[in-house]
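Same chain, two partners: chain A is paired with chain B first, then with chain C.
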Partner chain A sequence: MIPVIQFSNVSKTFGGVRALINIDFEVMPGEVHCLAGENGCGKSTLIKIISGVYDPDPGATLTLMGQEYETLSPAQARRVGVGVIWQDHALFPEMSVAENIAIEGFVSSKSKLVRHKKIKDVAQKVCERLGVSFELDALVKTLPIAQRQLIAICRALVSDVRIVFMDEPTASLTQSETKHLLDVVRTLTAENVAVVFVSHRLTEVLEIANRVTVLRDGQKVGVYDASEMTLAKLTEKMTGLTINPAVVDQDLSKNETVLEVKQISRAGEYEDISFSIAQGEVVGITGLLGAGRTELALSLFGMTRPEQGQIYLHGKEVEFKSNLDAISSGVAYVSEDRLSLGLIQDQSIENNLALTVLDKALAFGSLLSFKKKRTIVDHWIEELGVKSGNTSDAISTLSGGNQQKVAIAKWLATNPKLLILDAPTVGVDVGAREGIFEIVRDLAGKGLSILLISDEVSEVYFNSNRVLHMSSGCIQKEYVPARCDISELEDAIYGKAI
Partner chain B sequence: MTTTNRNKIKRYMESEVAGLSIFLIAVVIAFSLASPNFLTATNLSSMAIQLPELGLLTLAMLIPILSGGLNLSITYTANMSGLALAWTLQAFGGPEAGVEAFILGCALALSVGALSGFVIGVVVAYSKAHPILVSLAMMIFMRGIGEFLSRGKDITGFPQFVQNIGQGDIWGVPIPLLVFIACAVVWHIILSRTRQGFGTYMLGSNIMATAYSGISTKRNLIVLYTLSGLMCAVAGIIMLSRFNSVRVGHGESFLLITVLACFLGAVNPFGGFGRVVPVVLALMILQVLTSGLNILGANQHLSTALWGFFLIAVMVLRWAWWQYSIKRK
Partner chain C sequence: MEKLFKTHPIEAWLLIIIVATSAVLSVASTQYLTLVNAFDLLNSISINVIFAVGLLVVLISGGIDISFAVAASVVQYVAFYVLSYLGGGNWFIGFIVAGGLGIVLGAINAGLIHYFRIISIVVTIATFNIFFGLLMFLTRGVYLYDLPDWWTNRIIVFEHEMANGTWAELTLPAVVMFGAILATWLLITYSSIGRQIYAFGDNPEGARRIGINIVAVQFIAYGWMGMMAGIAGLMQAHFVQEIVPNALIGRELDVLAAVVLGGATLGGGRGTVLGCVLGVLLMAIIQNGLNLLGVTPFAFKAIVGVIILLAITLSNVSFVELRAHLRMQKGQ
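Up next is the complex of A and B:
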């Protein structure tokens, strides 16, 4: 059997930085191959070389389906059968599902006319092949991220592909959605299509992959059979560190109550929610996507108003007219959507950080002082250990983990009493995730109350004093990690023995 | 747009001041060599008198563009503000009107400008309609009202001192130019040193993320369009005093040129980035081109065409430079 892809000696240098150093990479037909490594290890660069976006440094041999190339153009790569599903999906939000799926076919077809019937047929066929179903006429912008993910996959499969790259395909999916995606991957491999997974989520990597190629700092650490790998081993290979999780075993219910929520409801979002958070306590909320977690957080942050019930902060009832009120009462919200709500990607690190605390950077009446702004920015960059070259660089130049630190820092700068972290590790590396949770524990230790929302059960389990399971807009049950097993929580969320 | 590209945009903006300055000097040298009449006191002062009108209107356009919007009503708002001043002066005796009447008239003109901007701001902020549509509607409203009230005629007959403001100078510097410099400085301070300005840049890049960060984006939009309207009023007052008359439709051709002056001054057409200094440099380049071509005896319409050609050339050159700098990496 000839390998679909066989690369040898691939290097790539940007400016003076060596992003890839003498990489050998091989994928066999019908194989599920995982490309693992932390952000900045060179995974994306490698995919971009394979898909023809970047040219490798001279000296590389690129063999695709037995044919050698020195460089590849994107069109060549596509002809050979390389399909890539990028992390941001690159869908057209204003177009229908069918149009998004079939776009490549009708853009490249000779006919100048668009045939809607045909578009739907093409889309329908791909969906059937993958065993997924969509309302084909719905606009993509109305669909949740999980479905967009599947649409992006369908689109890549419309043309005849031999190898599909999936860049972080599960970053925004819940576990049940991930399971569905993995089924789709199995369907593909049954048709002898090779699938290359680029992922941070190691459990799923081990569950589905045949082999794993691990990259670290632009170098190949090795290729391993997935069956020989354990979670701990793989993490170690990727980060060079060993991580031992332990639950938080501390009862803080005697501390002063910071937030108390009494029977709040909002139609279609959440219902009859009551809970409280004590000072220095981390309360986790987990549950499937669409359980109403983010909606609840947005009400606590003043973006929406509960239709019934009361919210108390330090024993005083509050009614937020907007998030401005919430912020001035000491509530901070780190959004799940870092790319479009949490940070302003085009703007600089310092501007993003200073945005919430402009009034602390004033001098001469109400003029901004660059010096004070600088001091605030430098303080927080150091405090949270944000690794950045220059704080005047755009936020988008930072890795996911460092971006998330800035997103947290900009709220810590407001000196909040309650910090709401919504999916704080989406698109963040394994090593960097631990860094985020170190910050969480440190903040809680200093007396900050934290509401930790995540669909990664292990995250909330290992980092919260108490965990609330939410589904269909209601809180189902409270769990204390120190007194229950993680499987108990997982079974409650996903149902037993799938 | 990839990460590295975004960073390049930033460096590119910083290099823009240097690039524009070099270009300005080059154009000045070229015209000085081409004609002995270019670098003369007469020509310099005529340029200094002409620049402020376009300049003030460009400042009025700048802030909405930074917020990711546009204000198409600037010229007619300026005209309406001018009309407000003209009526006040006439109500107080036309040529015999006193300084008090002028001050009152200016206050009224500024109110008209501010009101126009305020209305645009409120509608944009609350209805979330696109600023192009809202300001276009305001432009048509202003033009209609202005032509109706002025019967489409020139309004003249102001006291001599008003004309002195428009055509006089202080130590050789024309008063309109001083007004423009003062306004540019105020604009620079607002944009770089106030929470309002900071918020405008941020919402220009991503209005939702800015709102989530606790900035009142509605308030910011209302204030920024009001500022734009105020600047229109200043332009209207200067236009009245320079021509000693007001006519609705005056300066109409400036509208799109203000947009182009902003882009020439490296303002990001999608909002979020851009500064006053490069825009002022861009205005100076446009003014030098006009005056230089005029001195060389080029037809006035031809020189308008050359402006257009020049701006297209700038876009192409920028693009070429951009491609080059990406390739070089």
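Up next is the complex of A and C:
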């Protein structure tokens, strides 16, 4: 049996940064292969090379179905039967479901015309094959995220695929949807199609995969039979660290309550939310994508207003008209989308950090004192251990982890009472993550109240005093990590699937 | 109608507003609802519609073009000299030359946008200035009156004598307009590249990943715009029987406003030929009506500005949500 894919010596360099270093990768027909690794390990880059989006650095050999290539174009890759389901789905929201499913067919077809009836037939056929149904004329933008996921899968399967890549396919799915997806995967392998799963949900990986290739920092750690792997072993391979995490075991409910939220609702975003955070306490919120976590955070930060319910800070009811009110009341929010919302990439580290506290760096009335600004900046750079050359360098020169520290420092400089951290480790290297959580624990130790939002269950589990599970806009249940197992929380979120 | 509302709310609203405005105008002015006026309206909007369907394709692709109106003036001048070189020419050669020159100018925009990775608004503002500056410099601003006869003779394609002895006439530009509408509709609805233009405008990164030919998308979009601009230039010279270098300047913003009113967005991926035509039509009806009512033309621009703001604001608000919101506030 010849491998569907056999790559050797694949490297990829982006402007001096080596995203992939001499990777060998092989997938056999009909196998479920898992590509595992932490964020930023090079998984996505490898998929983009296989699907022809990126060209590898010279010296690589790409063998697909026994045929050798030096580089691949997306159309070539598709012709030999490579299908990809991207993590962000790469769908066209303003176009119909049918067109989204059939688009690859008519892009690569020689025909200059499209026949809308044929497009619908193609879409209908693949939907039937997967046992799903859609209103084919609906625009994709009107559909919920789980349906978009299925549309992306349908699209990948329209052509005659030999190998399908699924990039984090279950990240936004509920239990039954995940189950359905795994059924689809089994259908495919029964047809001798290879499926490559890219996931960091390890339990799922071990259940479904035959083999696991682990990447770390752009390098291949090894290929393992899934049956020989355990959760702990795999984690160790992926992170390179023997992590022996301990939960936060400290009951702070006797401390003064800093934030109290009573039955706040906002239509379509979150509903009937009540919880409180004591001084020095870290409360985690986790749940699937689209559970309403960020929407809730935005209301606490005054960006949107709850339609019902009350928010109390230090026992006093507050009603934020805008986030300016929230900031002056001592709420800080480190946004989930650091790249586009949290930091101004082309500006210097110094300017980014001092942005929230320019009024503290004034001299002679309302002119900015560079000296005062520098003092504030130097203080926080040292306090949080940001590794930077010169604070006048652009922030884009820093690594993800250090950028995140600057984003946090920027808000700490406002001297908040409540810090909201939304997905603080997205795009941050594994090694640097621990550094961020050290800061979190340190800040909590100094009496700051922290709301930690993340879809990485382990992050909130190991760093919070209490964890709230949110789904469909509601808080389902509260968990105290010191008194429950992480699997209990994971089961509640993902369901006991597989 | 209900189905149209669901799938194409903007077009449905424009239709309703056009019908309502027409009803008001026909009560206010007896001249409004006549075949003569209707044909006059069609003749007069034809050039803007030809521009508009071209611009629509560029907007769908996620770009914008500011340079098309002066490009049309450039085409008029160059076509004039090329046609005299060819011994006068005729309509057939005229269309080929004007369309071809337009495509070349559009391709310049596309090339700059694609190969130098400059955003379209910057490129087309620059080419707007280059085209216009060169035109004024090289022609020294002279008007051309000695156009060939075939170019300036009025062609009436359909006429009908009214009871009062006046003639309702449909002229060549109106017919060319229908051709442009039909061709653009076919392009963006039934051609593979047309659907790829939608896809690229909607999600450029997604389009790249599924292997859409981005060079082709850009060149076809701006080339189509250029071709329509060339044809519109040909028609405008035919209409006014002379070529004036600054005759079309300023038209780009009127057309852009009409196309956006018709539901296309600057973000790309959205817009229909129907909406685009209705947008131009509504603007023309309002102008026509204000003229018939004897309102000063100076008020026109201000009124158009207000309409655009209202339309864009309303299209950002879902009516269902708005109603629910109002109801809830009342309830409290």
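Definition applied: the second predicted complex is superposed on the first by the 283 of 498 C-alpha atoms of A that agree within 3 Å, B and C clash if a C-alpha of one lies under 4 Å from a C-alpha of the other, contacts with A are read in each partner's own complex, and residues count from 1 in each chain.
One rule holds in what follows: contacts are C-beta pairs under 8 Å (C-beta built on N, C-alpha and C of every residue); 3 or more make two chains touch, one makes a residue touch a chain.
Please read these numbers as outputs of a predicted model, since none were measured by experiment.
Shared-chain residue A:351: touches chain B; no touch with chain C. In the overlay built on the shared chain, the residue A:124 is in contact with neither chain B nor chain C.
Once chain A of one complex is fitted onto chain A of the other, the partner contacts of A:51 are limited to chain C, with no touch recorded for chain B. Once the two complexes are overlaid on the shared chain, A:8 sits clear of chain B and of chain C alike.
Applying the stated contact rule after C-alpha superposition, one finds that A:257 touches neither chain B nor chain C. When both complexes are aligned on chain A by C-alpha atoms, no chain A residue touches chain B in the first and chain C in the second.
Of all residues in chain B, only 3-4, 6-7, 9-10, 189, 192-195, 198-199, 201-202, 205-206, 208-216, 272-273, 329 touch chain A in the complex they form.
Residues of chain A touching chain B in their complex: 14-15, 303, 322-324, 327, 333, 335, 340-348, 351, 354-356, 358-359, 362, 366-368, 392-394, 396-397, 410, 414. Interface of chain C with chain A (complex): residues 7, 190-196, 198-199, 202-203, 205-213, 269-270, 324, 328.
Looking at the complex, you find that chain A touches chain C at residues 51-53, 73-75, 78, 84, 86, 89-95, 99, 103-104, 106-109, 111-114, 116, 137, 267, 307.
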